[in-house]
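The following pair of complexes shares a single chain, chain A, combined with chain B in the former and chain C in the latter.
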Partner chain A sequence: MNSDVIISVFVTGIALMTPVLWAALGEAITERAGILNIGIEGVMLGGALTCAWCIREGAGITTGLLLSIPVGALIGVILSYLWVTRGADQIVSGIIFNLLALGVTTLLFEEYLKGVGVVTSLDKIAIPGLSEIPWLGEILFTQNITVYLALLAAVLVFLLLHRTWFGLYLRSAGEKPRATETAGLSVPRLRYASVIIGSALMCFGGATLVASTSGGFVTNVTAGQGFVALAIVVLGRWNPFLIIGGAVLFGVTQALQFQAQSLGFLSALPAEAWLALPYVVTIVAVVLAKSSRYPNACGVPFTPAGATR
Partner chain B sequence: MSTAPVTPGTVARLRDALGVTGDGLGALRTGLVALLGTLIGVGLMIAALGQDPFEAYRTIVSGSLGESDSIGQTLMVAVPLALCGLAAAIPFTARLWNVGAEGQMHIGAFGAVAVGLTLPALPGPLFIPLILIGAMAAGAAWAGIAGALKAAVGANEVIVTLMLNFIAILIATYAITGIWPQEIAPQTERLPESAALPTIWSGTVLNLGFLITLAAVALAWVLMRRTGLGLQIRSIGLNPFASRLNGMNVGRLTVITFAIAGLFAGLAGAVLVLGENRALVTNFSASYGYLGIAVALVARLSPAWTLPSAIVFAALQVGSQSLPAATGISTAFGQIIIATFVLALLGARVIRLRYAEGAVQ
Partner chain C sequence: MHRSLRGCIAVVAAGALAFGAVACGDDESDAAAETTGATAAAIDYSVAVLSPGSASDGSWGQATTEGVDAASAEFGVTIDGKGENLLTPEEYTQQGTAFAKSGTDLILMANGSVPQSVTKVATDFPEATVCGAAMTIPEDELPANACTYDPEQQEGAFSAGYLAALTSKSGKLGVVAGFAFPALTRQVEGFTLGARYANPDIEVKQVYINSWTDVAAAKAAGAAQYADGVDIIFSATDSATQGLFAAAQEKGEGNYVIASYFDSNAQAPDVVLTSVLYNLQGVNKEMVAKAVEDEIEPTNYTFGLDFGVGELAPFYDLDSVVPEDVKTKSDALVAAIKDGSVVVPDTTVLGTTGAGATYDLAKLEATP
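Let's look at the complex of A and B:
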């Protein structure tokens, strides 16, 4: 295995990690406030379809990416109504929401977008100077804009959660909501905000999937990436910087399949083994992250004092 | 036992047996409102696509229940839905979120094909049970992985079972492309003819798999309502800490509960293999494993109600297959109706899964 292969695996891996990273950042915000959103996959499908639609209508990739943000926020409103206002069970309704999103996006795709190939994708931008660094330059600084934005977003999410009052309130709503309420804050409002922001990020992640890596929308284009994001959040212990590491791990194991024939004796493995590798690595990672502790109130519906349900 | 008159005690026992709780009637009323709301909502969506919603609903009904042939098809689709429903309902009762029925079913189908193609062709009455046992063992072992990881290191079973789904589907794909490939179609070699499940209603596709499912549902009901193991499974769902203090081995029960779920999902895979093509076919599952979760929720996790719940959803699935030809709208509407309905039920809190605050994780 020579250095060209290694560089190529990492270049592809960083590009492949981007949608998952966006989604995992969104999930980290959501879970920190005490809502377990298992519907990531469905939200990402919504973003992917939005972006593909914009490209088909000739509005361009940038419009598609931007439009996915309000679409995600809208989905977030619906989900938080279900989880916060109605107090529905988060795990099972998240799974059922994924079924609904798969059904609706399949329907709209078959009805309006079928047979339309999306061949354009985002251009790679080489950062002057930095992209000249051997190895690292090609891997990190010759990527498309969504990669840079994702890394920036990780920093911003960290600052939001750990360096602002709002972030402190969000985290308290995920750890001890009753105490948050006693302090005079509205837990439902904080949770609405977190689900809406989180969904917007996930939806944008879905859009980047179409804009940069997959090159078009097909039925179930996300292929489990939303669930991988769920695992990466646990692996990264709800810390945006560690989450980047988890996403890179996933992206690189996914990229290996494209270089499988250059990997010496491993090239004899069947294609299915390479396709399964990211999922196996995810399980191993979740097992190794056994000491990760979920935010205390994550997944538990909250009933405000005085309200009856 | 003498012939007992219908006393309040009998009624209470019957309600308990059927899983109808005290708020059953109110829930039924809310449920009907949710169904109506779903049909109106989805109807508006169909209208927005420029189609006639009444025509679409009529097509779904006639496509699923119009002729004996379509009734047979509906009942056969209800088979994997009911079995995957059990694979969700039983662990959900223990608050173990097995969302891996899809994968367990694929591994069950793999096990069925492995047994059927390895053994020499035996006579059916011997061959079919052996294949079913192989499939159930494979499904149980696959689900047991998630249970064991949960019990040993507390690995989140939602993530693990979902990842195992993707791996299982790839293993099934490898069986088709690598282990037992068949030149012409995307499927494995065919099992010997004696492995086919005999038809039990001539002129339709209804085969022995339906009776097997009836037996499985009855067995699951007995297990959950009339055995010590069932009581323990229900107990760890209500309060794992109290269960542990009462001397139950929660880790062992977790593995067993997952394995039982895998048995039923594996059986679903075997029935699909033996009933249709006697081979493992690419995309043989129309998300049955995930729809099984919806089936279990509408049955309110009661094994007995799993079957009627599965039949209703099967009718929607089969009926919506006739939609493209008759009205030009997508088959995806069956799935959309099911998912919207279940979300409405969850939102209306007809389906409630109770937690003590701070009792999870």
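Let's look at the complex of A and C:
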């Protein structure tokens, strides 16, 4: 295996990590506040379609990425209404939302984005100086803007959750919502905020998937990445820095599977075995992280005192 | 906030989301998709087509449905429906059953991995005609109202491999394919064998991504191959191919993709060297024509180079990338396949993984 191949595996792995990382960061915020958003896949599809749409209409990749944020926030409002206001079962409605999103995005794609456009994607940006570092420079510092922003977002999400009052309130809403309410805070408002912020990040993650690959939408373009993000949040124990590690692990194993299929003695294994590798690694990692503990009230609808549902 | 007011806000938000999405687009693409040419008077015959792709995937699904659209326009048959993005045999059986129950006369299942669905629906609904594309079912197992029709894709893939091997500067070629099943594997192995026929020392790397649509996976697979020195990748997947185009563009000049099923030049004119066209439009139209004339027999129809299956699309702006002598040799090979002096093995041979790398090259040239 020459160095170009090894570098390629990591360069590709980091690129593959990015949409999953955005989605996982969004899910971490949401779960910390006590909402289990199974519908990540659906939210990501919304972002992917938005971005592809804007690219097709000539508005550009940047516009597509930026527009995915309010679209994600709007989806967050809808999901919040279901889960916070209506107290709907988060798992069942999350699954149904994924199916609905797949149908709606496919319908919109077929009706309004028919045909495939010219392939386009974000340019890579070499960070001056750092990109010259052997191996590491090409792997980490010659990526597109969404990769750098994702790493920055992880830091910001960590600061939000662990270094601000708002983050403390969010976490309390996910751990002891009744106590949070007793302290005079509105648990529904906190949960609304978390789902809206989280969905915006997930939607942006879906948009990066399009922006980093072909610029075009295809049916089910997310291909299960939302579910991987769900697992990575558990693997990363709701800590943004550990979540980065989980996302890198997934991305690199996904990149490795394609290289390994045609690489000397590794190609002796059936292609299907390599294709299963990222998911096997993710499952094993989650199992090994068995001591992970969900926020106490995660997935449990909250009824404010005195309110009826 | 009053409960009803909150409900209204949610509804307005949902509406705004939908409006935002719709406002971003227009109807121009609809016009482009309309079948050109005069429409024949309607006749009392209906058809449904089921496909693993969509009618706008710029690949297998689109080429297939365009054939049915053309038949509808030319013969006046009614299209009862287009089942898109169907993957599993269960989905084909369910959709096929639904169309057969509602009285559809001809059901085309354009997925080589679902022969059991063809047999099942045809057996359950003797009044319907059910035909499966890119597959072969032993004739003694075919119900009287079923057939298969098989574009012999290995021939086109073979000539693409031949051209790629003669054009490659690195001596390394790649293949990125969807799923491993005989009708797909024969394309992968056909390409590999064709490349070996041109250059026995050529190196061909094969990768399956287990998807027709996963653009990110295709891009990752393509990037891995380009990093390994491959300069031309043959695609045997559907809309995921867009990822290969992006990988080639990212790698830079001198790296190309040979697409399949649909002329993909417009998607990435700077990297699409050519496309292997299997005349799926013509093949599907022909099957509808046979059905309308009540000529469908319980047999396996095959379509080869004589029917335009396996022809290469123009090189367009990349014409200068392919040397003139390579073009001449490539044309000669196609002629040799057509006249039988070069015999590309069929699916029984090339439908097995690894066959392209091990098949005896001496057997390719038929002895007079």
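Note that in this section the second predicted complex is superposed on the first by the 302 of 309 C-alpha atoms of A that agree within 3 Å, B and C clash if a C-alpha of one lies under 4 Å from a C-alpha of the other, contacts with A are read in each partner's own complex, and residues count from 1 in each chain.
The rule is short, and it goes like this: a residue touches a chain if its C-beta (ideal position, glycine included) is under 8 Å from a C-beta of that chain, and two chains touch if they have at least 3 such contacts.
Note that the structure is a prediction, hence the values are computed from the model and not measured.
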Chain A as common anchor, with chain B and chain C clashing or fitting: clash
Touching partner for A:L209 - first (chain B), second (chain C), both, neither: second
Which superposed partner A:E57 touches (first chain B, second chain C, both, neither): second
Touched partner set for A:I91, first chain B, second chain C, both or neither: first
Partner chain in contact with A:T106 - chain B first, chain C second, else both or neither: both
Touched partner set for A:R189, first chain B, second chain C, both or neither: neither
Partner chain in contact with A:L275 - chain B first, chain C second, else both or neither: both
First (chain B), second (chain C), both or neither touched by A:R163: neither
First, second, both or neither for A:C298, with chain B first and chain C second: first
Clash-bearing segment of chain C, relative to chain B, as chosen among 111-119, 219-227, 291-299 or 309-317: 111-119
Interface residues of chain A shared between complexes with chain B and chain C: 81, 106, 110-111, 223, 271-272, 275
Chain B-facing residues of chain A, complex: 38, 81-82, 86-89, 91-93, 95-100, 102-104, 106-107, 110-111, 178, 223-224, 227-228, 230-231, 234, 270-273, 275-276, 279-280, 282-283, 286-287, 290, 293-294, 296-301, 309
Sites on chain B touched by chain A in the complex: 49, 92, 97, 99, 149, 153-156, 158-160, 162-167, 170-171, 173-174, 177-178, 287, 290-291, 293-294, 297, 329-330, 332-333, 335-336, 338-340, 342-343, 346-349, 351-353, 355, 357-361
Residue ranges of chain A touching chain C (in the complex, touch as defined): 2, 4-5, 7-9, 11-12, 15-16, 19, 46, 49-50, 53-54, 56-57, 59, 67, 71, 74-75, 77-78, 81, 85, 106, 108-119, 121, 124, 209, 212-216, 218-221, 223, 225, 254-255, 258-259, 261-263, 271-272, 275
Complex contact set, residues of chain C against chain A: 3, 6-7, 9-10, 13-14, 16-17, 20-22, 24-27, 29-30, 32-33, 54-58, 62, 84-85, 174, 180, 205-211, 213-217, 219-221, 223-229, 239-240, 242-243, 245-246, 249-250, 264, 266-268
